[in-house]
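Paired with chain B in one complex and with chain C in the other, chain A is shared by the two complexes that follow.
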Partner chain A sequence: MTTTVTGPHREGPRQEREAPPPLPTVPAWRRRLRPYLLSVPAVAIIIGILYPFVLGVYYSFLNYAAVNPNPVWVGLRNFKAVLTAPEFWHSVQVTLVYAVSATAIETVLGIGIALLLNRSSIIGKIFEKVLILPLMIAPVIAAVIWKLMFNPQFGVLNHVLGLGSTFDWLSRDRALWSTVLVDVWIYTPFVAILVLAGVRSLPKEPFEASDVDGAGWFYMFRRLMLPMMWPYILVAVIFRLMDCLKIFDIVYVLTAGGPGNATRTLQVGAFEDSITNLNYSRGSTYMFLLWIIVFAVARYLVSVLGRAQRRAAGAEG
Partner chain B sequence: MAREMMPGRRRFTAGSVGADLLILLWFVFSLFPIVWMVLLALKTRSQQTSTYFAFSPTLENFGTVMSRRGEDLTSVNFSGALLSSVLNCGGAVLVSLLIGIPAAYAAGRWKYRGSEDLMFQMLSFRFAPELMVVVPLFVIYNQTGLFDTTYGMIWVLQLVTMPLVVWILRSYFQDLSPELEQAALLDGYTRRRAFVMVALPLVRPGIAAAALLAFIFAWNNYVFPLILTDSEATTVTVAVTKFLGGGGQAYYNLTAAAALIGALPPLVLALTIQRYLVRGLSFGAVKA
Partner chain C sequence: MTTRNTSRRNFLLGGAAAASVPLLNACGVGGSTADNSGAAANDVTGGFDWKKASGTKIKILQTPHPYQQSFQPLLSEFTELTGIEVQADLVAEADYFTKLNTELAGGTGAHDVFMTGAYFIWQYGPPGWMEDLDPWLKNTSATSPDYDFEDIYEGLRTSTRWDFKPGSPLGTGGQWAIPWGFETNVIAYNKRLFASRGVKPAETFDDLIQLATDLTDRSKNQYGIAFRGSKSWATIHPGFMTQYSRMGCKDYTSEGGKLVAAMNSPEAVDFTAKWVQLAKAAGPTSWTTYEYPDCTRDLGNGNAAMVYDADSATYPKNKPGASKEAGNLAWHPGPAGPDGSYATNLWTWSLAMNAASKQKLAAWLFIQWATGKDAMSKATKAAFADPTRKSVFDGAFKQTLGAFPGYLETFEKVIDSTKIQFSPQTKFFETTEDWAVALQDIYAGQNAKSRLDALADSNTRKLAS
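So, the complex of A and B:
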């Protein structure tokens, strides 16, 4: 076999460049193996993380708790106990209310802010720089700040809004909405910067054309902008909805699930069961059920995203 | 006005003034808590609950929080937590880069069986409820002595940093034309040298953005250190919340000072990679 490897100053005919000959120094089977070899460490990490995950699923079929260090297989008993307990369904309800309302508010506000910032006014330019500040502060730290502001006696919110010293932001009726408010404060910029990136990538021609045709603002927004931006909006919605369904840190710091169980989301409930009460099996059952919900929602939204992306690509082409 | 939707046109109308007012409203809401935290951090203990905006500011709290005196007052070792955070997050990002870059390159460059499965497994970690993994880890760590150690934290933080690094970098490697490396191969480079000398330098901005973003998310994480550490490897986020729970003796001014210090590193890092932020936050799905 003659070697075709040449020096750095090789000048070959053009077609050879487009279909480079395989280098004989590296056999084909090794080339085919290469991507697998490169991925081996990453696969090892994945297995290392999947192991506790699988163990968690296994726990949900045992009666494992700190007080019961020698667990036995109990089949579906945990699932039966959890699924028939009203507090589980209460947690599901709290989680869904939190996730849906926070995601909806953030999406609407985020789109609004993106459209306003896109108008290239001077104020918009200045504010765009600081838009992401709440997003980059740790959510727990943000929750600590808000908790201090919510305080009825010396908190600044009641003072500034003139609500007196008896208005309790974290009361039984209001706590859930106050936690949603903090979520909105942190994550609206996330939706806004994604949508803003989408708006800026839009082609100008369709808008100019419909402007010439005398289309109104709302018509252009609904018929042109929204369909083209839909993939960007969906990416933001997917991230927000998934993260809200497993919300823990904001709620835990602000209310720890209280007052009573008014803000006991699924992950907060699982924390109480498995870490506070050291009932690992019950906590794992909660988590396994939450994981199924998250997985189903994710599957559905990703398929919607795929369809939207194809349609937007069609609309642009 | 329909024209307002198009970029580059500026005019002063009732609509544009109204729009500016709306955006101003959002930024008052958005920045007020941060301004308030700064004000609170500048107050003395006697001012913390008795004043709102008029007070005599002092920088003393920052020194107190970082020193032994702060630990005596609040029993929170904040400077220790800062150091642990740096070690945990720095270590986690380093491991993710070393392992993630080759995997991202393989997934971005070649179509091979299982590559999509690998990527989606990574992504599912991003969306999985953390406790599903942390509760068994809590049991395992207590049995193996990894509880409350930097190694234990670096390991579990891979759940945060690895998907980010792999997904962002794959999108960068995909954008890179394979012809560049093929040209290098034809010039007699080995695969490895073509990767190191050609591909790697070209995605350097992507690597920097992925690394810093991974650091930010690791820094901001709360569930893992809350459950898997106690005092030795505990982090800034846990330490800040501990300031609130000091039975009766509340030092809100110190809490605010600690919160400010803890929030600063992510803010500074985020501003340095602002250009790449959209792509990073969306895991490479939105290329701005």
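So, the complex of A and C:
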């Protein structure tokens, strides 16, 4: 059998093609099995994620610790103990202050840098590449370098800023803000790059029309660019906020959660309980409660992102 | 009859649920199932022979340290003596105990022998992660007649022995590790600076505060004394615990078999307040981040006039070319207590056997060799490390001390009063880190009495739970 292929846009004489050979008949059982075989990698990945998660949740209902190697089910006792401990709520406060302030500063700076880089100039192109450098340094290494720079005895910061040997960047009053500073240094370029990608993908026509109408730069930024950039900004905010809520490496290297408990985030608390004190159940409880916080914030932000995307596409008013 | 087709989503959920069933059934809670009773030692019979485990291979876990570095070149001699191959794995000290905690909790027996500190026995022993070495020591088929365990300083032998009962002193129960190298916590000072200022090391604690304050000149980036202040149990154990003990203070008292925290006793509050004041007036500016490498670095650079820490932490800075102040350092026991006490807290790096080891005889032969007289003498000659054996100290070790002024005198002054000054207890790391946090809070301005009252209350409750 031959089949003549024609198309609405095809021009010229008709061409006759040989029909492709018929597809081999696949047995019904193989057709039914195929979706499940295709799902196997996903199942394997889910198991890899779920295994430690389920195990951690399970531990949080036991009294499992190195000094108690034969644990028993204790129900919600760990949750009650943790939720009634002032240290936990202090850690929640530290974590939220860190996450919100670092994300806010990085977002504002990131947008500003992206707008500057969007102007096509030689300096912009050079900075575009230089600004990526902090992202190429592992956060732990960056934190170690910053710890050396913070040192009042020989650190470069006190020397350059003329602060002498008595200004302690990691004192109780300043330690949290110093850790935020390091986070901002590392991750602002990440926000800038995401926002820059968004800025460059915006259509030119609305801006050209506004320009013809005599609209000023700030008006265009506020009324056109910002609403259209909003989904990209939100993506950056979601990434950074989630990451900051789980912060461990920078804080642990710089202060180990101190002085006192001034920078003891939830992750640092979980590490102390699980690894240093070998109280696996209490550490797991911390982690499970942190997961609930991160999950709730993520769900909310993703719903906001969905609305912003629909609004930017003109689906909502 | 209706047929219900399984959707892929349900399949995924089912797969995950199926995976979690064996997980929940078999999640390895329950700790190690290894036998640490010493039964393996009793299986060794006949005459002692270094070749009894010939042909086997063991893995040891260590952290880079003068002790480890001085023994590393000798490992081939051990293989020649015993026919046992040794694979030494190194993990940096900052991560060493995190790695060790995780490995021992997993119960895999990946490493047959590991380096450990005495305090860690209190945490690793109760879950059954460590082999009791007492049956091995007592078995003449497994232990060389030349071993001479009693040659190891008594304070070190007892520091690695405990019965895990709250309130019970060290020196009772199983022998969980064999001391390999150790440190006393004393003062190292810059004798060039002291000579130029015409001052001598302080003999009382109040004089130490005054001396350190006098030697502090922030405008010249110079301060009086460095000691640890980071948020870690390790802040408490060197200089702080040594001077705390000399001042007659206790960490806990035993009441009816229960430990009651005593870090809020009047003398403890007074001492702690002075210690924190010393840190403020004459310590490093960022004291709350200071660990021992920071302290010794500042001593070596000439920023710190004194360091109150482990003797073995400071001596490398006096080796030619090792630091700016190399050749200018000297040692002193530090201030005596009001009653003349030189009570000193010790740290001992010891060798322990993993209870989950599959090569226990080979592991014991290695521990026995490494802590024996011959290997320790050779290691001491090759590199500078405080030996745990009196015979080695009096022999090979004293010959290496010429370039270290005051080191020998300091050692001999404190050695009889040197032991672990802490009360052994299974929540040592948690409660002692809390103690360090309290010091940091007081440093930040909190009232010493009320903060130490809260600490004592919290620690007593933690130990009772």
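Couple of notes before you dig in:
The criterion applied here is as follows: the second predicted complex is superposed on the first by the 279 of 317 C-alpha atoms of A that agree within 3 Å, B and C clash if a C-alpha of one lies under 4 Å from a C-alpha of the other, contacts with A are read in each partner's own complex, and residues count from 1 in each chain.
Quick note on the criterion: a residue touches a chain if its C-beta (ideal position, glycine included) is under 8 Å from a C-beta of that chain, and two chains touch if they have at least 3 such contacts.
Computed from a predicted structure; not experimentally measured.
Judged by the touch definition given at the top, the superposed model places A:Thr276 against chain C, while chain B stays out of reach.
With both structures placed on the common chain, the touch criterion links A:Gln267 to chain B but leaves chain C unconnected. Once the two complexes are laid over each other on the shared chain, residue contacts for A:Ala197 go to chain B alone; chain C is not touched.
In the superposition on chain A, A:Ala313 contacts neither chain B nor chain C.
By the touch criterion defined above, A:Gly216 reaches chain B but does not reach chain C. In the superposed model, A:Phe248 lies in contact with chain B only, and not with chain C. Once chain A of one complex is fitted onto chain A of the other, the partner contacts of A:Ala296 are absent, as it touches neither chain B nor chain C. Judged by the touch definition given at the top, the superposed model places A:Val108 against neither chain B nor chain C. Residue by residue along chain A, chain B and chain C are tallied for touches, and B comes out ahead. When the shared chain is aligned, no partner comes close enough to touch A:Leu76: not chain B, not chain C. Taken together, the two structures place residues 35-36, 39, 42-43, 46, 50, 55, 59, 147, 153-154, 275, 280 of chain A in contact with chain B in one case and with chain C in the other. Chain A contributes residues 5-8, 10, 12, 17, 20, 23, 26, 32, 34-36, 38-39, 41-43, 45-46, 48-50, 52-53, 55-56, 59, 109, 112-113, 115-121, 123-124, 127, 129-142, 144-149, 153-154, 156, 159-160, 185, 188-190, 193-194, 196-198, 200-201, 204, 207-208, 210-211, 215-217, 220-221, 225, 232, 235-236, 239, 242-243, 245-246, 248-249, 252-253, 266-267, 270-271, 274-275, 280, 283-284, 287-288, 290-291, 294-295, 298 to its touches with chain B in the complex.
If you check the complex, the residues on chain A that touch chain C are 35-36, 39, 42-43, 46-47, 50-51, 54-55, 58-59, 62, 64, 66-67, 69-71, 147, 150-154, 164-173, 254-262, 272, 275-280.
Contact residues of chain C toward chain A in the complex are 8, 11-12, 15-16, 19-20, 23-24, 27, 29-32, 98, 101-102, 105, 123-124, 126-128, 218-219, 221, 230-232, 284-286, 288-289, 298, 301, 303, 426-427, 429-430, 433, 437, 440-441, 443-444. Interface residues of chain B, counted against chain A in their complex, comprise 1-8, 10, 16, 19-20, 22-24, 26-27, 29-31, 33-34, 36-37, 40, 48-50, 52, 98-100, 102-103, 105-107, 109-110, 112, 114-115, 118, 121-122, 124-125, 127-140, 155, 158-159, 162, 166, 182-183, 185-188, 191, 216, 219-223, 227, 236-237, 240-241, 243-244, 252, 255-256, 259, 262-263, 266-267, 269-271, 274, 277-278, 281-282, 285-286, 288.
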